[in-house]
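Listed below are the structures to be examined.
Each of the next two complexes has subunit A plus one other chain: subunit B in the first, subunit C in the second.
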Partner chain A sequence: MLSIADNYFSQFELPVGYEIDLDRLNRQFRQLQVIVHPDRYAAAGDEQRLRAIKLSSYLNEAYETLKSPLRRAGYLLRLQGVDVDQVEQSDLDPELLFEQMRLRETLAELPRDESALEQLDDLRRSAGSRLARRREEFAGSLALDNLEQARKLFHELQFLTKFQVEIAKVEDAIFPD
Partner chain B sequence: MSLLQISEPGGSPTRRTARKRAAGIDLGTTNSLIATSIGGEVRTLADAGGAHLLPSVVHYGVDGVIGVGAAAKEQAAADPANVIASVKRALGKGFDELTGSGDYRQYRFDPARDTHAPAFLTAAGARDPAEVSADILRALARRAEDRIGEAIEGAVITVPAYFNDAQRQQTRYAASLADIKVLRLLNEPTAAAVAYGLDSKDHGNIIVFDLGGGTFDVSLLSLQKGVFEVLATGGDTALGGDDFDRLVADWLARQCGMEEIAPQDYPTMLRAANRARETLSVATQAELIWGGSRFSLSAAEFAKLAATLVRRTILACRRVLRDAGMETGDIDNVLLVGGATRMPLIRRAVAEYFGRNPLQDIDPDRVVAIGAGIQAEVLAGNQPADDFLLLDVNPLSLGIETMGELVEKIIHRNTAIPVSKSQEFTTYKDGQTAMALHVVQGERELVSECRSLARFSLQGIPPMVAGAAKVKVTFQVDADGLLSVFAEEASTGRKAEVLVKPSFGLDLDQVEKMLKESHDHARSDMAARALREARLEATRLMDAIDGAIGEDAELLEVDEHAAIDRAMDDLRKAMAGESAALIEERTEQLNNVSKDFAARRMNMTVGAALRGESIDAMESQSD
Partner chain C sequence: MAYSDKVLDHYENPRNVGRLDDSDANVGTGMVGAPACGDVMRLQIKVDGNGVIEDAKFKTYGCGSAIASSSLLTEWVKGRSLDDATRIRNRDIADELGLPPVKIHCSVLAEDAIKAAIADVKKKQGPAEE
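Moving on, here comes the complex of A and B:
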């Protein structure tokens, strides 16, 4: 039997909060998947298999939401009643926008060949350390119930994460499949 | 709080008294294997001559005899057009993809087949890639029966992790043609990790580098207490040992001063190249003989020829690490799988990139089949499943076509499966009552650069202004990686669905029927629309003429009036029928006979307008 909990955190018996024990999350997730995964019902009837697929999908969704620092942040804000999908211009700091534009320009100007690899790695590293700092600040804002600040930081996390994806895309363009 | 219940595991599915004969099958590009449990240990089965590898080659003889394996391979030089090799690469591909690559240049294709489902033209008639694969599977099943005296009741068949939906579907279809019940499609790298994992009780992050005859997979798995979790996977479905052979064959052709290799020479040349490549795995020099001359290829020269291919494999590793957010230092073990990893230049490149020597304890040719055999034992309930579980990911992004031929990804690659995700879409035209859904697979943003999986449509959306309708599209991928898509309109609850992959509880025939129906549906929808539009156009014209005659009958000649009446009668009769073409033809006729009348009316109207204008002009001047 698996009961579906109120939120993803309690599903994995974790305290609600940005800082998370990933090892524990991972252990809990595996323990629960061992119970519900469709492979455990290879010989069972369709109805049970369908249920297993649904529960297993739900666990995957919950796990991936909590595992991803960005999705976890968005989920926490949503739990607090903040609608992070609606972004207003005023939610964004002009300085942040300018900086993001500059970063994207740097990326766009890189040569599209292997000589760009080193700079791509540099850009990724600096975006990575920025992300790490902003995550700490986000955790702090959330802990202090400063939802306005947390929301702003969430959008910056979105920008930085997206930027990492852009870097990856440039790499993919240089080395197509 | 919702509460869903599901029965405790370890119950009925895993506790059985009667053993079921289960097998693992590695259906490879170059070689295939079958493994099953013998005396409590899963082992690959050899043929009567002691060979474990069954060459994935099928010969369709003029005498109607189908030969599989080494015997078929022998015929390649004598009868190249009837010896089908590397068929795995052809699975799920269209005609253009097959002939465009040059890999299948020695074959003829059935011109009667749809270009999306090509078939080889052999002495035994047209054989599509799934049918050829089925012949290989049958040979493996026969081998198992001969060796253990029992029929196989179910099998786990491995596929490259990077196989797309069409390729997986074709693999399943091949198994059904061969009457083999598929317990699960298992990704090859995962199978390899299972074979190693259960032997060594390893923990940590494992890279499986699998370079087979025709496909290349690299996967990153995390193993903890018997649970294998695939964190990321990547690779190239069109890269394998065969490509290295081809490089050597092309090199040989250049040495001989040949511009192009004649199709009939190609198999022989490839075999010479393959032998040279294998020699270079143990020696620093290989000799090739062609046209009475000797050519010598050094390991260094071969490394130069192969540099680009080797780099492609390392770049794929790099991408997988990136997807998982890891560095080479996070990797605890690297496993080499596939015969092509015997090449020293591959081992060196992998060792150098990951900074550690890769494991190759289990025969790289057999490890996948053994892993599949272990998983088959568990799924058949022959082995307690206590902690053993494979958590897999979706290897390629799945999405839907939106405006501007762009792809909106719904399930991203490397998402853990099973998974179910929804997204809302809306109409783009006022009063739009149907929505066409085009399901695609791939990483690119343009539809044309992704693989088309299915098209279906949701009908009966109530007319609303553009953007008001809400259509929820749900993608569901089960543990085999099989996709179903559902669409539902929010206000009416109108639904449509398509099973892109045969899912459990639904056999292939049903799926095919559903797909065919949705196809036919689309076609009949189009025909119905054409008929509706033709009728509308005809009604519009007749209304206009009726009105015109009512107003300006005096402009009509007597015989002209009669001709128009006859044409109107003809058109009315056509409208009672179902032929859009006939209605269009009669409409055109009516248009023709009423043309002069319309022109005369037009002249009158324009004249009246001009008169009116001049009056206005005078009025304005008098102001």
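Moving on, here comes the complex of A and C:
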């Protein structure tokens, strides 16, 4: 039916790395999805059907992980044996925390009406460009096998991604569709 | 997930939200974060001449459990000596608030924050007569 590869990247015949060919990922995913689609095994035995269901959910997980820049980064670190879920405060840069607190306070203090739009735009733009920069640095650190640095950058990516979500929430609150 | 009544109470009426003047030598600041949730927590304490915590303030951007953990902690540390406050364990916070296992890390964050605040004020005040 389909065999499970060593890792999500090879499952989709992609090189292991942060830079990813998303078109190729989408194409490969769709092809494999067809192969393991449980409907195809409706007439097959229980064992085959169960296997198709398992493979299908495995593929979904692999696809969602690689598609998301943040989850992909975390997965790459895990492949290198870095446990990104086990975080000690000493792993975090105090300046990063102070900056995140400042950003969150700035966002919280914005008026919840249209007068906040310009500042919201500024916050969103600067968070977006910072995120893009940090992603490049993350890719570079990983390529150089500097896992300590890559891990720190990953945590910053986590905070920045969350901050973007918070900005979007404020925007939704001002303009509920 | 359903929050306990105590969590909801602290979430809806957080105690001691705010900030203390970090340039004050009697003020210690603990800044901690949980990257997986994107949470940031600032916990500050102010000690009097006898090393007793006379005021505590916090600001937390995070889930209800993180806010409740830090809010409760500011209530608990007021009136305690620094050494006494050091002995507060995340388990005590989690038990008091009835946090479910998946939210225990929020109480750990609060414990990390108070420890950092205590370390900060001790550092500012220099080597005391210990």
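Heads up, the rule we're going with is that the second predicted complex is superposed on the first by the 151 of 177 C-alpha atoms of A that agree within 3 Å, B and C clash if a C-alpha of one lies under 4 Å from a C-alpha of the other, contacts with A are read in each partner's own complex, and residues count from 1 in each chain.
Please note the rule applied: contacts are C-beta pairs under 8 Å (C-beta built on N, C-alpha and C of every residue); 3 or more make two chains touch, one makes a residue touch a chain.
Everything numeric in this text was worked out from a predicted model, so none of it was measured.
In the overlay built on the shared chain, the residue A:A173 is in contact with neither subunit B nor subunit C. In the superposition on chain A, A:A5 makes contact with subunit B only, while subunit C stays out of contact range. In the superposition on chain A, A:S57 contacts subunit B only, with no contact to subunit C. A count of residues in subunit A touched by subunit B and by subunit C gives the higher number to B. Contact residues of subunit A toward subunit B in the complex are 1-6, 26-27, 30, 33-44, 46, 48-57, 60-61, 63-64, 168, 171-172, 175, 177.
Touching subunit A in their complex are the following residues of subunit B: 1-9, 12-14, 183-184, 224-225, 227, 229, 236, 312, 315, 319, 322, 378-381, 385, 387, 389-391, 415-421, 443, 476, 478-479, 504-505.
Subunit C contributes residues 31-38, 40, 42, 59, 61, 112, 116 to its touches with subunit A in the complex. Here subunit A touches subunit C in the complex through residues 85, 87, 89, 92, 94, 96-98, 100-101, 104-105, 108, 154-155, 158-159, 161-163, 165-166, going by the rule given at the top.
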